[in-house]
Amino acid sequence: MQQSRDELLRAYRVMRLVREFDERLHVEFATGEIPGFVHLYAGEEAVAAGVCAHLGDRDHIASTHRGHGHCIAKGCDVDGMMAEIYGKATGICGGKGGSMHIADLDRGMMGANGIVGAGTALVCGAALSAKTLGTGAVAVAFTGDGGSNQGTVFEAMNLASVWKLPAIFVFENNGYGEATASSWSLAGGDIVRRAAAFAMPGHQVDGNDYFAVWEVMRQATERAREGEGPSLIECRMKRYYGHFEGDTQAYRAKDEVATLRAEVDCLMRFRERVTAAGLLGAAELDAIDSDARARVDSAVKAAKAAPTPPASALMTDVYVSY
Amino acid sequence: MQQSRDELLRAYRVMRLVREFDERLHVEFATGEIPGFVHLYAGEEAVAAGVCAHLGDRDHIASTHRGHGHCIAKGCDVDGMMAEIYGKATGICGGKGGSMHIADLDRGMMGANGIVGAGTALVCGAALSAKTLGTGAVAVAFTGDGGSNQGTVFEAMNLASVWKLPAIFVFENNGYGEATASSWSLAGGDIVRRAAAFAMPGHQVDGNDYFAVWEVMRQATERAREGEGPSLIECRMKRYYGHFEGDTQAYRAKDEVATLRAEVDCLMRFRERVTAAGLLGAAELDAIDSDARARVDSAVKAAKAAPTPPASALMTDVYVSY
Amino acid sequence: MPAKSFRTAINEALKQEMERDSRVVIIGEDVAGGRGGSAGLEEAWGGPFGMTRGLTTQFGAARVLDTPISESAFVGAAAGAAMTGLRPVAEIMFVDFTGVCFDQIMNQIAKIRYMFGGKAKLPLVLRMLYGAGFRAGSQHSQCLYPIFTHLPGLKVVIPSNAYDAKGLLITAIRDDDPVLFFEHKAMLGARAEVPDEAYAIPFGKANIVRAGGDVSIVAIGRMVQMAVRAADALAKDGIAAEIIDPRTTSPLDRDAILTSIKKTGRLVVVDEASPRCNMATDIAALAASEAWHDLKAPVKMVSPPHTPVPFAAPLEDLYIPNAEKIVAAAKATLQ
Amino acid sequence: MPAKSFRTAINEALKQEMERDSRVVIIGEDVAGGRGGSAGLEEAWGGPFGMTRGLTTQFGAARVLDTPISESAFVGAAAGAAMTGLRPVAEIMFVDFTGVCFDQIMNQIAKIRYMFGGKAKLPLVLRMLYGAGFRAGSQHSQCLYPIFTHLPGLKVVIPSNAYDAKGLLITAIRDDDPVLFFEHKAMLGARAEVPDEAYAIPFGKANIVRAGGDVSIVAIGRMVQMAVRAADALAKDGIAAEIIDPRTTSPLDRDAILTSIKKTGRLVVVDEASPRCNMATDIAALAASEAWHDLKAPVKMVSPPHTPVPFAAPLEDLYIPNAEKIVAAAKATLQ
């Protein structure tokens, strides 16, 4: 199906912003100023962009520990995200969550998650709300190849199918769970084969190809909104950085990432395709690139300058009452 | 494949003993003398017998809350089982476990289990021991249709496949999990479809047909012993009694069980087949019937007469030290 | 006032709150029962123990949701639904089964609001049966409420009678925080006077079951019954026991306990949960730190031994705290 | 004696026990690392935090088993393997992840021996990181050992330094009961003198870190460091604190604690775990019931507030008990 110029521009803007955001975090993390665990999404942007292109604020997503891309694609404020990662009072969660717990329910973003696979169950709930309240919304769970082996994920897929929920299970098979290859940890070597086990349609796509992701997600969303139940989508691509910042990646061939960047990079391929087809011009894409760089730069500056949370914040938000 | 006269006699003896055991429990439970929850296996005997026919003491099984049939088929002492169900000191677990926790590791019986699905993980461990210690043994997990929807079960199947364990996952799809039909709770309506999700062979058989169960189990055991990895077997039949003793079974059609007993009963069909083929004579089968009745009767008498555990038993077996 | 069973009280609370608020939905295994069954009934069970009976017939299957046996998925679904506009009441049947959905309770439900800086609200209730005495064996007889009391972000409610059960469940359903609601399996038939209309009992307010000046007995859930029997026996010996039923362990009514100790100077805590890090130690520690100057004798804790719950009846009876043990403990504080 | 890090001490204990007993196997996520990776290495990580480094190279992949991210399956597998002849040491990485395998620990591992009337033995160890201070957020910073101490059938070990870590882990591996072994993520680099040879430290025997006659300070795990700092500060004011490190919370060395209270008459308990039903309340309750006549002042408990662990550094620092709070508590007992 055809996408409008605006849709294409938005897609590129999202992918570039995610890339800038995480490439910059990689640099900033090395300075030691960023606390805790940070997992970078660079290399997987086409998935977040292709999936979220079909979603609005009323639709929900549940993300993972590697969630920056999902957050940005779902519309979370970049300044608030950056400040959260720095643990500042101006953070999207007031500095109490950090990179692994960025959330914004106003944008339908149910949270990154420090527990792999857990989001699939939360998404069944969001889909149940949509179905029960008749909002016509859909709910999407992002899960990694490693997380796909969590019991909760299988339970959630079966439940979504039995309850015929407007839920979509997007698996980001980026080749590794920590230092273990998905070709080893997944019996049979892929995730899409599990769709049939739960009687739902399964799609496997090249996660470096925005257009391929966008198309299968279009079908899955249509099916969900029409009340026909859940779908499974397996996207295959690889992350550009280590499992977390600091990972030496001894498990990867030296040239693996360089080759990926040179041959299958999602931004490069998107740009080639839309310019070759004359859908978008190089100039406007360049403008987006520099705009993204500027936005991330100001977000980092603002985050560094922002105040830390007041001591009183320790004792709030435990319950509604305090 | 052909079974010897002895194998056939043993199979019938096991099935009849299980039937007598649980039919008698049904009667005794009504008297109020039996404490706690009791789940009867009657109607599913061909599965326990057909599966365990391929196993020896070195092979392990993990059972369910509906475990009497598995225990007897695996060689647990009937007197000890009955005494355990009555909570007596002479019970196979000293009266500390009850019907839901009958176990006998000397017979390779890793325990009935009050948590559905939990045994599948334990069985991965027994299979790992067999593989690591090179005993050539296999390990079998029994799970119900309802229990098959537990996350642990999926995790265990994937792990067994990734580790290439000599494990066999036997699913007893007896039509219901409590008051819910498996046709409703299983996405797609069956369990065998899940085998492909974990890259293992899947078999679906009539659980009323001892010979059908025996044959697929023969293949699965051979594969496991040859180090080729796990298999999945779905057996379909129905239980003759309620979920637990006391269940009014409002969810079942009035005549459902009567029809089953009249048309597909595993003992009836076994008898017809072996006598028609002239493999066994009616007289020797009758002898087994009365022998089984006598054994169960003496087990019940002994259990009723047996002493309860001494107060001191409360504080032992928590740790090896006390 | 009509006398009703604990079971009926729970059922009434669910029914009345579902009538009052269409966002309240029930989720659990066989809460309706009969899905796909050959009898073709819309409601074949109404819950494994009948607590949800009649709700499917009245409110329909869209608000009374049966589930596969997948606690992690449906408890997580209850959380996700609570975050997005519904007010789910999920039934976990036996609290022992929280083992298979513990992450969703401990790491998701209890922490989401805090991690998100207050941006999320999780109005949900998890109902479950707990306790020994049913000859149900080690995996179906635990209390476990100390574990949930330990976890910040959760509220823990343990009614000791049918009247409290209805009022506390109504409060739980109207509360905007996640609530774990404990129902003792040996108390489902216990009757008390229960008003027909809806009423709410506040969290964090203990019930002084009986006033007395000689010794304070704090008892949790079913143990309140045992404490009352003990108090009767003590009364015969001229000892006036004050019985305090906290009703909720998180939040805990510290003031009520401290006030009573100030009056009596003596404390016995009765807890059916395993003895290490349980509510008895929690309350005894409160006394040791906040009421030390009021105490006239060592605090006595009456709890089961540090063992799983045994199956055999005589062993299980030995395991469960009873009136005799409470009487002995109370007298020890008066030595 | 050579000074070694906590990490090295753990690694040595694993290595030496694997050399000693071929039934000892390691199970966990990336305990080797690199399975199927494009670098084709047999061991790419040696554990997410390097505790199992070198073991695959020395003992081979058959005894160092990487797993899919399926804790429930591999912890259950460790239990099943322990029941059938192996002695598994499984690594759960962060104790917070026990949420996804809690049933296997609570209902299977802890209860099997008892339910089976002593017919089964489960010689297995579950190793995991715990504790705050790493800016790891609410789901990667919990202690949770009070929950496992609460559960009968489990043994709980919490070493406070590298020397104890090696000796206690060796005891854990040789023990025939299931042991949960806690390693504080902020202490992995902490060094102490650790003998090269294997040695075993018994369970249930507390370590008197420092003798003193004025106040008893019982501290758990990393909190022992804080207690030592506090004792130094107190010494400057002429207050002699006795520091007791229980080393294991289940079993707990009650005698060592009661003996110290008899001497000092004053008790401070320092516990990094959430404050309700935690080890501080467990030990304070012990004192209130068994040492009441020896106590000269209210017991003081130093624990974090009843909140999840916050991410922001200043909030997390505020959350964690520290020397200042311990000093204030100790002085309060001397008022």
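Some points to look at:
A, B, C and D label the chains in the order they appear, each numbered from 1.
In this text, contacts are C-beta pairs under 8 Å (C-beta built on N, C-alpha and C of every residue); 3 or more make two chains touch, one makes a residue touch a chain.
Computed from a predicted model, the values in this text were never measured in an experiment.
Listed by label, the chains touching chain A and chain C alike are B, D. Separation between the centroids of chain A and chain B, computed from CA atoms only, is 45 Å. Between chain C and chain D, the centres computed from C-alpha atoms are 31 Å apart.
Averaged C-alpha coordinates put the centre of chain A at 35 Å from the centre of chain D. Averaged Cα coordinates give chain B a centre that lies 40 Å from the centre of chain D.
Multi-chain contact residues of chain B (touching two or more other chains): 91, 93, 95-97, 101, 113-115, 149-152, 155, 158, 162, 184-186, 318.
Counting partners per residue, chain C has 68, 70, 72-73, 96-97, 99-100, 103-104, 107, 114-115, 137-139, 152-153, 306-308, 310-311 as the residues that reach two or more other chains. With chains as nodes and touching pairs as edges, the resulting graph is complete, every pair of chains being joined. Against chain D, in their complex, chain B makes its touches with residues 60, 62, 91-97, 101, 103-106, 110-111, 113-115, 118, 120-130, 132-133, 139, 151-152, 155-156, 158-159, 162-163, 316-321. Every residue of chain A that touches chain D in the complex is listed here, in rising order: 35-37, 87-89, 91, 93, 95-98, 100-101, 113-117, 146-147, 149-152, 176-186, 250-254, 256, 308-309, 311, 313-315, 318. For chain D in complex with chain A, the residues that touch the partner chain are 29-30, 33-39, 41, 44-45, 48, 66, 68-70, 72-73, 96-97, 99-100, 134-140, 305-308, 310-315, 318-319.
Listing the residues of chain B that touch chain A in their complex gives 149-155, 157-158, 161-162, 184-189, 193-194, 196-200.
Looking at the complex, you find that chain D touches chain B at residues 25, 62-63, 65, 67-68, 70, 72-86, 88, 103-104, 107-108, 112-121, 152-153, 155, 175-177.
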